[in-house]
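Before anything else, here is the set of structures, which you'll find just below.
One chain, chain A, appears in both complexes that follow, with chain B as partner in the first and chain C in the second.
Right after this comes the complex of A and B.
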């Protein structure tokens, strides 16, 4: 694991098939871009520190420029290739939006190229020469640092500045996620966070209130006990150890909920992180708790979530179902379509409840870190191309587009004005399940701890923590597994710092 | 396997029961795949082992939604190019290693063989960069050129060329045949079974390639059937049988090839193995 590229590649190989669908969470930044390269405190007025550079400060001026007026003088259609990782219903929704954009004007024509998933998209992007890269790419949230370090992008911050684009109604958390080193690198597009999915029917059968899901793990335990004792279901909670769900992303979420730093140097915001904190007492308590849920027969571990949906499917297991699971909010649309299609015998769409992700222990800690992916402009030294990509991006983030997109998928709109128009306005009123993920993001505090970590080798570190959690859920020693994973993670961090000095 | 030892009575019964059990194990996943592919989506989880409903719609959907026609064509082109060029390069190099005299022949052959020990994964990153810098991403060159020479084929053919008696070569020389003529008129016809087996192997291997095509294609139009199937796999959760149907469609052509050339395959291998 000497060079980040190689280690990324090898680990990607090891875990390549694990992720088909999951949407992910992690780093962010504590400031929001205001008018270009100034660093304004987060707009909600909380006491967020300014975003210190994670490596060397990269002022916008030293990065490729964006002239959004370059499109005005264009006479021939500009072809834009967009690499994305959206599959299934999500791809259908993206295809529809893109067709709408292509039909709406004649200057830009966008072709979608599905790379199979986030991981494949990122791998191909990182391994390609600049000429082979597309004009636009969708990169997952855990890739902020590595993407920024490729020096291959036109930061959207430059376009925001050039177009004097108004971001005042954007969710600060969504923008901050992709803001580091004083630069708004990319534009949030599909924002998600983990929520609790549960079977209301089972809750009723167990004598629980089907409209009161557990808010923390202590309540998960008592409710699971009631469910198992009453025989309403075989298990209370279905857990998984996928790197982009139960094995990594959720761990970061739980640390953020507790206001605990996931890594040192303020989650990599003051300076690059040199060590992770998941082997601390906080992590040990958290995982001991999960382990005992499994040991007591209250939770079931579905493993590394190879299909991306294993934990959810456990709720539909005809022999030994679980009543609850934690999964990305982005799955909600798919879950409802699937159930609607009659694929799952005995469960209707009304039986599916959605609640906030349970906090660790008996904590009262709503809130979540932003997951999902963002849109990056690739630098091809062609102002017209960059302007064309920006034009498409600004179409994808209009209130109307975000409303359509969120209603079709379960993603959270990136701006509050989207809630007042179109499909999502209706959906959030008629089906409050879709709004849980949105509310969670509003409730989150704005400290470096609750914004989540930004790490260069974040993907690899999630793989390491996922392996540790798998060991723990299979009955292994908690402290030993976490220490081991943390040691390896710290080695990756110092290797990344050394390679990107 | 002479016929006179054909098992009789209970021994034959035991033998066939054993074979049947093993065959059942092997066929079970195939069976469930076929069953699932022929059922409408909402019946798949009902009764996974019973054919309690029947429809051809799923196969049709997999064909259209999965764009399998396009992918199958790509795969066929790639597999045919790789197979035919591999045969040519293998014949030429094996001929050189067995009939020509040149300095450091043994050493060069050793180096040639040692590449058999280097798995694809080791050279993956650098090969991808090379193809990228040549501008061959998303092209048939990119999909085929890295595989047009094979140490395995060279080795296999050299072994059978070595079985050709030197007298034959001398006789041919007397008749005025040069190397080219000897290769064409004598050597190749003699090793035809092995060539057939090698060709079939190359075809199967290139048909089933997944990692390389998945790395160097970014355009949907250049997907091979194996990488194209992945798109079906990561498609909707509510269509679990779509991927089953896609797999079946992808497997049918190769199944036909196998059935047609099975004899060739077995004969070629045994011919190579026991000769001499």
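Right after this comes the complex of A and C.
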């Protein structure tokens, strides 16, 4: 009994020491993302491919078809399962809309299944077999390439074509976010973008016009200086380095505002991107600007907590508050409720101002790119099912539904006709703060650059740029941080292409 | 000879009886384990399909990578923070509560209460306490006069204090578990030994070190092994309190966070995730073996 035990332990001990030794004595600098490339062909990580891939635009014809008339001949109710990631008030609003749809007709019955959040929905979808996938899924904006590469969907564009559906009043930016390689993959549903939140009381105390928020970073600097000098608040701007906000998403926004491509192959919309551009002079200038705001004591970096609340909570700091921050428009409802609850003494909901996201430098660029998520039809080789999902989707995007949805949640309606009906018509008139996010999306979507990038490992690349921004805001060298992040991002991109081609 | 044939005859019966548990073990432990080891030398597409072998070198590359080495070092530090302190506090509280006094049940309930608290709840509580802008601790004037880091940038946001802060929340959350184990161990210590030692003039500390500790050493060994493997597998705390950050120092990116974490750069790479997970398994196995070997000799299992 004892002897075999002894040798087993000995073996285990030896293995452990070998491992520890190997890991400590490894030396040199190597990234784990390179290791996927060891023996894989055509992924020479060190010299990323510069030539554009030969892949041409995927024609709609080669993708699963959509026959929207397939629902006409159906006699029994079709059950549709919809995986989504909406929580709290958002889930309540979605449940109400779905109940309204189910009650309005007898052919389709939709069951909602909450997966906990965007990440969880996407992860579960990717890991599931096609049979165990639902008929319909909500996927976040950063997952377009990944979802397309699963070859598991009926492109919404096929249904639009089949139904001769009129999209002329849709916000081009919202629709085009989910359009790559010639295919309209999915339907925008819940749309948000970053806006500037600011404390009007502080603006007044600093002698600034509380109804004129800064529109670019140059104005952020002068206004912050006035705020700090007057002692109205400890800091002008609160910055964060979260991947979903200041560390990743905002960087993509700033590139789009300037009309600069974030990645090659037309931001990944012509063919999958092989390299990112955030280490260009544009990126260097942007980050140098942010760094100097922090160095000069005008901005405060709250760090990387991904809940995204820390940047906003800095406005409520009783001792060293900031006057402004950039955060998603989807937070506006929660911000107002929290302020109403008395989070900041002496501040009412009317004292919270909302302005467009400041553009880089002294640029005049009020546009934004689309955040949030879209609706995907899952292919089950059953025309009736695809038609049923399309029927539900077309209900969710009617002007009435979008008006109800936007008013209940704070998301931006995906079509302009929604502004003329129902609850949102009233809300946008009575509280123009909610309309700021909408107006930002009205700006032209005339180039791939202004639509933002679509990348395979987009989430991971946001994590990498977030690390670079965190390094910079802590005083690190801008060019070195960006080059390092871009090198790793490019390795991720080539590994992704190699694994998914 | 007769015994041998009888033994041979028993083999089918033995397998029939072992069958059910063997089947469960094979299906749910051995097969996934083997699959994970195999996956560790592959690279897959986003759906975890079309996996291609890239060679066992993937394991060596993971071991050599900065990320893995850093995560392993963070994990070791996390274990070194949480295990000794957690064990000492657990033993201390258990010894304090091991007295026949009025109201002791009340304290026992309090001391063990954290076992009923999930990691998520515990972490959120600590998050609210430590949030630098509006958190309770951060806005106690006298406290952040002494420790400015509580306010700027915040305990969870400073690369020097983040791991300790997560560690403290983890120690707190595991304390109930340790307390209950040690209390159970203490109750098996015969009172007569304490009484006779007391009669012989042994003081409290002497009795603790010479009677209590040796007699509860099996419990202590078990608790140490379990706490260590919990520390090596801790995930919820890092996910909820720090997201493996602060970045770019990755002060709380442990090996488990490197595998699953939402801001891990390998989060969609099944092959690399499997490789790291297998390495963690090997390390834990070896560590437990070393602990049993190293401390095992000093453990008194009674006679």
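Just so it is clear, the second predicted complex is superposed on the first by the 436 of 501 C-alpha atoms of A that agree within 3 Å, B and C clash if a C-alpha of one lies under 4 Å from a C-alpha of the other, contacts with A are read in each partner's own complex, and residues count from 1 in each chain.
Operating definition for what follows: a contact is a pair of C-beta atoms (placed from the backbone, for glycine too) under 8 Å apart; a residue touches a chain by one contact, two chains touch by 3 or more.
The structure displayed is predicted, hence computed values, not measured ones.
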Partner chain in contact with A:134 - chain B first, chain C second, else both or neither: first
Touching partner for A:318 - first (chain B), second (chain C), both, neither: both
Per-residue touch tally on chain A - higher for chain B or for chain C: C
Touching partner for A:341 - first (chain B), second (chain C), both, neither: first
Touching partner for A:173 - first (chain B), second (chain C), both, neither: neither
First (chain B), second (chain C), both or neither touched by A:269: neither
Touching partner for A:492 - first (chain B), second (chain C), both, neither: second
Contacts of A:456 with chain B and chain C, given as first, second, both or neither: second
First (chain B), second (chain C), both or neither touched by A:150: second
Chain B and chain C contact sites that coincide on chain A, given as residue numbers: 9, 13, 20, 127, 316, 318, 343
Footprint of chain A on chain B - complex, ascending: 41-42, 44-46, 121, 125, 128-129, 132-133, 135, 137, 214-215, 218-220, 230-231, 233-238, 240
Residue numbers on chain A that touch chain B, as the complex places them: 5-6, 9, 13, 20-21, 83, 87-89, 91, 113-117, 120, 124, 127-129, 131-132, 134, 309, 316, 318, 334-335, 337-338, 341-345
Chain A contact footprint on chain C (complex, rising order): 43-48, 50, 52, 54-55, 57-58, 60-69, 72, 131-134, 139, 151-154, 156-157, 242-243, 245-248, 258, 262-269, 271-272, 279, 282-283, 285-287, 289-290, 292-293
Complex interface listing, chain A residues touching chain C: 8-9, 12-13, 15-17, 19-20, 22-24, 26, 28-40, 119, 126-127, 146, 149-150, 152, 241, 243, 247, 301-306, 310, 313-314, 316-321, 343, 456-457, 459-460, 463-464, 466-468, 470-471, 474, 476, 481, 488, 492, 495-496, 498-500
